[in-house]
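Next up: some structures, all given as structure tokens.
Below are two complexes that have chain A in common, paired first with chain B and then with chain C.
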Partner chain A sequence: MSGHSNWPEWIYIAVVIALMCWVGAEAWNAERLVEHVPADAEVIKVIAQQWFWTFEYEDGTKTIGDLYVESGKAYKFEITSKDVIHSFNIHDYVVLMDAVPGRVNTVWFAPTDVRTHDIQCREYCGLIHYNMRGTLHVEEPSS
Partner chain B sequence: MKKFVGLFLVLVVLVIIPAVDSVFAAGDEPGEYLDRRVIIWNLFFRMMTVAFVVGAVVSGTMIWQCWRFRESHPNAKPTPYEGTDW
Partner chain C sequence: MVLELQKPRPIWQIMFSTHHTDVGLLYLILSLSFLFMGGALALAIRAELFLPGAQIIGDAMTFNRIFTVHGTTLIFLFILPFASAVGNYFVPIMVRYKDMAYPKLNAIAFWMIPPGAALVWLGFADFTWYAQPPYSIISAPGPAADMWIFGLKILGVSSVLGALNFVVTILKCKHPDMSIGQVPLLAWSFLASSLIILVAIPTFAAALLMLLTDRLGVSGFFNPAMGGDPIAYSHLFWFTFHPEVYVLVIPAIGMMYEIIPRFSRKPIYSYNSGIFAFVLLSIVAFSSWAHHMYATGMSFTEKTVFMVGTLAAVPASAMHVFNFIATMWNGRIKFSTPMMWAVGGIALFFSAGAGGVANAAMPLDFATHDSYWVVGHFHLFVMGTIAFGSIGYLYYMFPYVTGRMYNETFGKVHFVMSFIGTILVFFTQHILGLYGMPRRVFDYPPIPEWIAMNQIATIGAMIIGISMIIFLANMIYSSGKGKLADTDDPFGLGGKYYYPFEAKNPKH
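Presenting the complex of A and B:
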């Protein structure tokens, strides 16, 4: 067709592809940073079951419902479930990971605010799902 | 061909080397931890900015097209089909 130019279409396609590449790269980079567990992170096993959380620390002690950590340290959670699928969520620290029977999922965080935070189940897991809560106690560093 | 080699070299210097560098450097300093809240919320706000800008540009273009190519626009040119009784 005379007088018709395809250039605007090619520019449009190039802009869309460039935007998609940029968005993908940003998301990939954020995921990479968030998933990079520090080498000195302390491992805490998180066991979910209807309808409470059990936390097992590196020294073998266990607590139910209450999770105790120290400010300024890194913690790696190894999350699993004994019955159905749950989801471990510390809303204030944007920690969210599914607890799946027969599988160990990991997520890490480093608490900074010395106070208590809510822990909740974020995957509907039965009758008392709404009350499957816990408390994160962030304490002053011991050393 | 030389152009592509040149372009690839520029990409390597500007993108790939810094990316690889940051991959191996991330979070290896003991005691200095990334704040996942900052990373995740920053990503969210950047993506929202992109989404709203793209939405504004796309809807703005569509609004402009409707305005510019309406029949009653002073510069409108009748198509060959205008007045055809299908």
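Presenting the complex of A and C:
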């Protein structure tokens, strides 16, 4: 109040605001690039239900629990749910998108290695939520 | 000045009283009881997660019920009633009025909590404190889910009545010689948080009714099978409960504003910036709710708007931290127990806020969302900041309430153990989240990193558990047999205490 000046506080607040602007701008820019889906991405439909994943590929084949992709290609997931909200997550590739009944959410990724990764549900969906898991198999490019 | 138990009275005289200190005491006892009950559930959760596989808790359903009731209890039955306890004791004294504005309404607001609590605890619902449809509509077993909905409804009405009372007491009943710009920051914090409650809670009240009719099958607001949209519930829920985070944290910051200058033996660095930050926080509280929902399929524009709204809360929070540090700077600090809790709470507030900035940045949110990072993040707020501020304030008000001193050594042991425990549990959970462990899981695959992090977290939780037993013993023993406190200067700080004033009209 009286007896001292507040200029250190104003400088500090200016620094905090500048820092937040920088974080916001970087995040905006990164998200803009991340959300840009390549035109040649292959579409895979992901259908979630209590408590397993079904994957439907462009050629119409379906797999349950195991997802097969080729290294070096881009894939676009169209994610939906048959019952409650789930969340499709491949943590190693930071793929995360809710599977909401009545909606189709999209997210894309392009695997670069040749190995298996865990797929899990990240949104609470009931009794077996903890074990609603799958496996991503990244295989050698066919051509 | 002694606020309460100078002369032992029959318990019904306290229970049926409408005097603000009596209602405050009831709030205090209720909130501390639920702190221990909710805390016991947390220890059960941590014990179960010590190793992969089922050990302590037999099945996933019981585990899901436990974490649901744990969250609901500690938010609605510990943090909120504890703030009401402090507000009841101190707000009328700080605005120099004989009681709360509406004493009977005050008692009614309190007595609505036990039935609400009974519904939550007897039902033991399993759909998390978030009650996300369509799970909560089509899948969650009743009657537990319905009891939870009714319980929360009652608790919501109770908080609205309490908030109304604080607003009227502060704005209309303050002493005419005192302008609103002279009301102490603790009372200001109650004004800010009560106004947020009045604006935010009705949205959730509506959502609860819609959820109930959806469960009964007569409507389909949130049920996609009937053309509804579950994401609409998320918006209604977070429009209430993101501001609610500020409802919880602002009174705790107000409590620190009492403790920090007192024990630094200096006036607050800037009273005006404290008020400014409270007002700013209560406004930006409403600009960030959908940052909980980035992964529900929001558009890029929506995400950007809510990221900016979220980052806007950071400068206001940072002003509080600056104010605390500038107050302590060059002060003759006495690290009694309340001061240790307040300073520890500020340190953890800063860490929690820094983690929050990472969450708010859109691309990083997709790495942390619904993982243990989030659990660690908000627990650093609710435990590290709010509970630390509250417990510090409890030690601070203890001599005024009971007329006796607590045991200082055990108070410090309690702090040190809780501080170490909190860091071990919640910093570790951030790392666990980065390793990819989802939250709300009963069991996890035996990945070595996950096991190691879970074990550190469980050990930390047990340290907190032991410290809380020391705390309980200290409170019970000292309130009956502790040495009599010098109520003019219980902490030996010297000088004049500018607050609390003498309680006016103690007989009422």
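Convention: the second predicted complex is superposed on the first by the 129 of 143 C-alpha atoms of A that agree within 3 Å, B and C clash if a C-alpha of one lies under 4 Å from a C-alpha of the other, contacts with A are read in each partner's own complex, and residues count from 1 in each chain.
As a convention for this text, a contact is a pair of C-beta atoms (placed from the backbone, for glycine too) under 8 Å apart; a residue touches a chain by one contact, two chains touch by 3 or more.
Source: prediction; values computed, not measured.
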For A:R133, is the partner it touches chain B (first), chain C (second), both, or none of the two (neither)? second
Which partner does A:I64 contact after superposing on A: first (chain B), second (chain C), both, neither? neither
In the superposed arrangement, which partner chain does A:D83 touch: chain B (first), chain C (second), both, or neither? second
Which of chain B and chain C A:G72 touches, first, second, both or neither: first
Could you tell me if A:V114 is touching chain B, chain C, both of them or neither one (first, second, both, neither)? neither
Examine A:A27 and indicate which partner it touches, taking first as chain B and second as chain C; both and neither are also allowed. both
Pick one for A:V94: touches chain B only (first), chain C only (second), both, or neither. both
May I ask you to decide whether A:A18 touches chain B, chain C, both, or neither, giving the answer as first, second, both or neither? neither
In this superposition, which partner touches a larger number of chain A residues, chain B or chain C? C
Have a look at where A:D40 lands relative to chain B and chain C in the superposition and call it first, second, both or neither. first
Overlapping contact positions on chain A, where the chain C interface meets the chain B interface: 23, 26-27, 30, 32, 34, 92, 94
Residue positions on chain B within touch of chain A in the complex are 19, 22-23, 26-28, 30-31, 33-37, 39-43, 46-47, 50, 54
Chain A residues touching chain C in their complex are 1, 4, 6, 8-9, 12-13, 16-17, 20, 23-24, 26-28, 30-32, 34-35, 50, 83-85, 87, 89, 91-92, 94, 96-98, 100-103, 105-106, 118, 120-131, 133
Would you pull the chain C residues touching chain A in the complex into a rising list? 60-61, 64, 126-128, 130, 132, 134-135, 138-140, 224-225, 229-231, 267, 269-273, 295-297, 300, 303-304, 307-308, 311-312, 314-315, 318-319, 322-323, 326, 357, 360-364, 366-367, 369-371, 435-436, 438-445
Which residues of chain A touch chain B in the complex? 19, 22-23, 26-27, 29-30, 32-34, 36, 38-40, 72, 74, 92-95, 109-110, 112
